[in-house]
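Next, two complexes with subunit A in common: one pairs it with subunit B, the other with subunit C.
Our next item is the complex of A and B:
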């Protein structure tokens, strides 16, 4: 710590702090336009000028000057105030004073500083800029006439997002911010640039002219898309969520969001939301009352074990726990599951055995503490973009090493010094096994590894996985495998990251145990910056596992439930929020199951394809209309409160389940808060948590590990017959599950399904970007738009799974790799 | 932008051979901070930086395309449009100005049908006003590529244009 004087006040600050940071820490406000606490100091705006006595009263920028012992700083002498006024006058010289129609008004740093410094006249005159406004995309408006050239947008796009869409163009007075060759913005549309813009140069178009900033009420919430658990501030007016508001102090991610979090909120106030219960009469779904609908459902739920249920891991912990209670205690069935039954297997079957707990052994915070990140599949960026930002920052700011094992290149491969080992699709487990064997054979494992249960069996099981044998099967060299093993062993702290989800069926228990083995062999678990982090797909995937909404002893899993529907042993199916017709493997199988069902109940926000097949449809609330807790992928339990009132005729899933429990003669705690107390008492790690204690910020539910080596089964390497390509499924950056189909933002940018193929295959099959191609597998064929990208290796094609219009399960039946033909 | 130049931008770019760019990139690929030498060599090789070359350099050097464009627009030495075989520069610095440079400039504009920093459709001439060529004693001064023409007059403009119209393009 350093002692210094700011405005005659004795204060202390960390040695690494700048004057600006030291002042902020000690409650002294210094005006600034070009600073964001996530970004490196830049010193562009000259608003933060201060006087330092030791520097002979020179005016120096506070944001770039480090503090030194005994510094005497004055932040607002008459000279400084005069200088700042001058800076503002010069900025206002070119800035159009169109505040009355500018959406930034009220939240604009330039406007606020002009007010604060009372710049009510300007001694200079000059022409205003006449730059064309970029309306080329539906999400981000760029008006360079208002720009003050603080560079924050270009810096955040480089330093954190690592996309680099924006940069300084031209020179001198003509300098502006823009994209290559003066084109419109064509990027990830995460909107980070909007969040840091101090003026109205970058604006969210979906929010344009919707409300004045000061008319919005701000509600803190938790994002309802992926498992990262980002915190949101929703801007609400007239009971409608109109925008998301940036708060650099919110969450571990400091307010940073991806395209889904920032622009995907529109589904909440969508006009397509279901508004009343629907009951099938004479073959058609007609509007009904809650009483009629719930009575019908309650009657069917008396069927005991011929009842089964699927729930989406987007429900709150309270709802999932209550649903389970309803099914087990009141209905009397063990047949319930979520996420197609396999997307949670890495946790429930993999980590449960390797670490003794169905949870990742590391948190997202460990990324910033690690020396080496081993990422399995570049898709980790697409599935969890904010985790991707953390990886970007770890690599670019801290110089963490990044090793990637993937079946295709991706954005992460472009990071400085990133090592991407491109392997044949579906061979991840074999490679991890080979690395484990190198660790053992080359004596790179830690001395304590032998004491962990299952060591001898593991050594035996790995005997076939020599680097040389595996290398010939997976398409990477034995030297690369050995290098990766020695890098991993040599790093003081290393973290393994892989995504899981319904489109990643290969990321199963075997992959989890194979990854865990590396951590256990080298003792890189249970320590800061070490461990294995499984990125679960949905906002409450980990919560669903923690609540035990998984197949029970003697019960069926999700895919078995569908089989049982088809063969008639399950007669009533209750689907809470899942959309199997789009997101489960093998469309034909799901269709057959629904055809054979006697009674299908669906509780949903929208009339999805699945809901359209139901006998009773129950309209439910989104996360913005209810209270509860979500547990993020790294077991951070976060409480959120409703941001808007729900419409009159819809209910929360909690209300529906509790109504059904009562109808079936049971009793439930009247509020989610009381039920959460019960959950906290019996769920490992949740002890002591309550809605009240989580109100301010979320808390990690710690897991106790009991390590054990498990020998993972490596699938036989995929070999495509000649003329066939290997189709790998996955997530698109702009989407998450099928919910994002109802978010206007994601749908503007990525509206339809596509197939991505390599340049080599494109020229081989004479396919050009945008061509409609026929993709056919053994189970079906479909037409998809082609995207030709340099990231795909020859012989491999990729397609995401989110789209109900062209569901990939037409040709995909759940295997990690599918042989397909692609033709024009 | 004059009408002639506007027509020219709508014309199709000629087919660009990327093997030249690849050779340049291969030469500098391991050099830290290789963006400037690569762009300079590409400028020399192609005469300007075609869009496709900029994109190719971005992909191979793993640099944001926007960053390349930022560099290209910052330095006057880079050009984004094809340039003429003969670059005519007329000094409009103080000494040349008082010696009548504006009339020389106007005459070139009239005779060539192009304006400042523009290129004739046949890619023979590019015209540029420059601030000072460092030979004020020869004012008013013009240069065509590396040849210097001092004491410029309106008649000399005609002679220069006639001379260079007859020179071979290859």
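Our next item is the complex of A and C:
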């Protein structure tokens, strides 16, 4: 810490701080246009000029000057105010005065400063810019006439998003912000540039002219898409969520969001939301009352083990706990599960046996502290973009090493010095086993590894996985495997990251165990910047595991439940928010299960394909209409409050479950807050938490590890017959689960399913970009739009699973790799 | 005091008024003269066959009676315009702040003061009713 004087006030600041940071830290406001907490200092706008006595009273920019001991700083002398007014006058010289029609008005830094410094007239005259305005992009509108050239958009796109879509083009007074060759914006549409723009140059098109900034009520919430657990601020007007608002002080990610979080909110206030309970009468779903619907459901739930349930991990912890209580105590069944039964296996089976806890042993914050990141599948970026931004920053700003094991290239492989080992699809476990064996054989393992239970068995089980044999099977060289092993062992802190989810059936317990073995062998766990981070798919996937909403001893898992429906042993199925017809493997199997069911209850936001098959449909609330807690992938428990009032005719899942418990003769705590106290008392790591204590910010539930070596089973390497391609499923960057289909933003940029194939395969089968191709597997065939990309290796095709119009489960039956033919 | 004096004084006033022009305005057969700065019914100014209003929301923001409803949208030329512009005359206090706040001289107040109506819904003046007629 250094001591300095700011405006006659004695203050202290960290040694690494700039004058601007020191002032902000001590409550002195310095006006600035080109600074953001997350970005490196730039010094473009010259608004933050201050006088430093030691520098003979010269005016220097506060945002780029580091503090030194004994500095005497003045932030608002008459000379400085004069200089700032001059800067504003010069900016306003070219800036159009169209505040009445500019959506930034009210939240505009330039407008606020102009008002604050009372720049009412201009001594200079000059023509305004006459740049063409880009209205064509569905999400980001660019009006460079309003630009003040602070460079924040170009910097955030480079430093954090690492895409580089925007940059300064031309020189001198001609300078402007634009895309390559002055073409339209074709990027990831995360909207980070919009969030940092101090003026109205970059605006969110979905929010265009919807409301003025001052008319919005700002509600803090937690994002309802992936498991990263990003914090959101929702802008609400007239009980409708109209936009998301940027707040650089929110969450570990400092307000940074991805395309889904920023632009995917429309499902909350969608017109298509269900508004009344529906009951099937004479084969048709007709509007009904809550009393009738719930009485009907309660009657059917008395079936005991004939009843099964599937819940989405988008429900709150309280709802999942209550649903489990309803099923176990009042219905008397053990048949319930979530996320297709395997998307959580990495946690519930893999980590549970390797670390003794069904949770990741590392947090997202460890990414910034690690020296080497071993990412399994480049899809980690697509599934969890904000985690991807953290990886970008670790690699680009801190120089962390990045090694990637993947069946295809991706955004992450483009990072500086990223090493991508492209292997044949489905062989991750074999490679991790080979690395583990190299660690053991080459004596790279830590000395303490032998003391961990199961060491001897592991050594024996890995004997077949020599680098050479595995290398020939998976298509990477033995030297690469050995290099990766030695790099991993040599790094002081190393973190393994892999995504899990319904489309990643290969990322199962064995993969988690194999990854955990590397961490255990080298002692890289339970330490800062070390461990294994499983990126669970949905916003409360980890919470669903923590609440124990997983297959029970003697109960069925999700896929077994569907089998049991088909063979008649399960007669009543309660689906809370899942959409198996789109997201579960093997469409034919799911359809057959639903056909055979006697009674299907679905609680949903929308009339999904699954809900359309139900006997009773219960309309429920989205996360913005209820209170509760979500647990993010790294066990951060976060409380969120409702942002809007729910419609009088819909209920929260909590209300439905508690109503059913009462109808079945049980008793429940009246509010989620009281139930959470019960949850906190008995869930490991949640002790001491309550809605009140989590109100300000989320808290980590610590993970106690009890390491053990388990030999993972490596699947036999996938070999495609000639003429067949290997189909791998996964997540698209713009979507998460099937909910994002109801968010307009994601659907603007990625409206339909597609199949991505390599240039080599495209020319082999004479397929061009955008062609409609027939993809056929052993279980079915479907038509998909082709995308030809350089990232796919020859022989591998990729397709995401989010789309109900063309569900990939028509041809995919749950195996990590499916042999398909592609033809025009 | 002489008890007659007040009666005479009173009669003086009475007689004086008998020869004065009557104050009562025989409304509606006679019309009042409205001052030019009178704040009556609002009107939306028109320019180039379009309402001048750019839907900046400054009038609903400044309105102390919260009687103005504006909804904005983008037209074919990407310009902002008001799809909805409604004033609830039952709530309006005719303060004229909306006119003062308007940055584009789109709203004015006319000399129109006869606003009585039979139904509550008729007091909601829509954009069509407010537009200046040619």
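In this text, the second predicted complex is superposed on the first by the 824 of 824 C-alpha atoms of A that agree within 3 Å, B and C clash if a C-alpha of one lies under 4 Å from a C-alpha of the other, contacts with A are read in each partner's own complex, and residues count from 1 in each chain.
Heads up, the rule we're going with is that a contact is a pair of C-beta atoms (placed from the backbone, for glycine too) under 8 Å apart; a residue touches a chain by one contact, two chains touch by 3 or more.
Computed from a predicted model, the values in this text were never measured in an experiment.
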item	value
Combined model on subunit A where subunit B meets subunit C, clash or fit	fit
First (subunit B), second (subunit C), both or neither touched by A:595	neither
First (subunit B), second (subunit C), both or neither touched by A:215	second
Once both complexes are placed on the shared chain, angle at subunit A toward subunit B and subunit C, C-alpha, multiple of 10 degrees	80
First (subunit B), second (subunit C), both or neither touched by A:133	second
Touching partner for A:567 - first (subunit B), second (subunit C), both, neither	neither
Subunit B versus subunit C as contact partner of A:166, first or second or both or neither	first
Touched partner set for A:414, first subunit B, second subunit C, both or neither	first
A:329 touches, of subunit B and subunit C: first, second, both or neither?	neither
Distance in angstrom between the closest Cα atoms of subunit C and subunit B, superposition on A	24
Common interface positions of subunit A, toward subunit B and toward subunit C	none
Subunit A - residues contacting subunit C, complex	99-101, 105, 133, 135, 208-212, 214-215
Parts of subunit C lying in touch with subunit A, wherever the complex brings them together	54-58, 61, 72-74, 78-80, 103-104
Residues on subunit A engaged by subunit B in the complex (per definition of touch)	158, 163-171, 178-181, 414, 790
For the subunit B and subunit A complex, residues of the former touching the latter	51, 54, 58-59, 62, 64-70, 73-74, 80
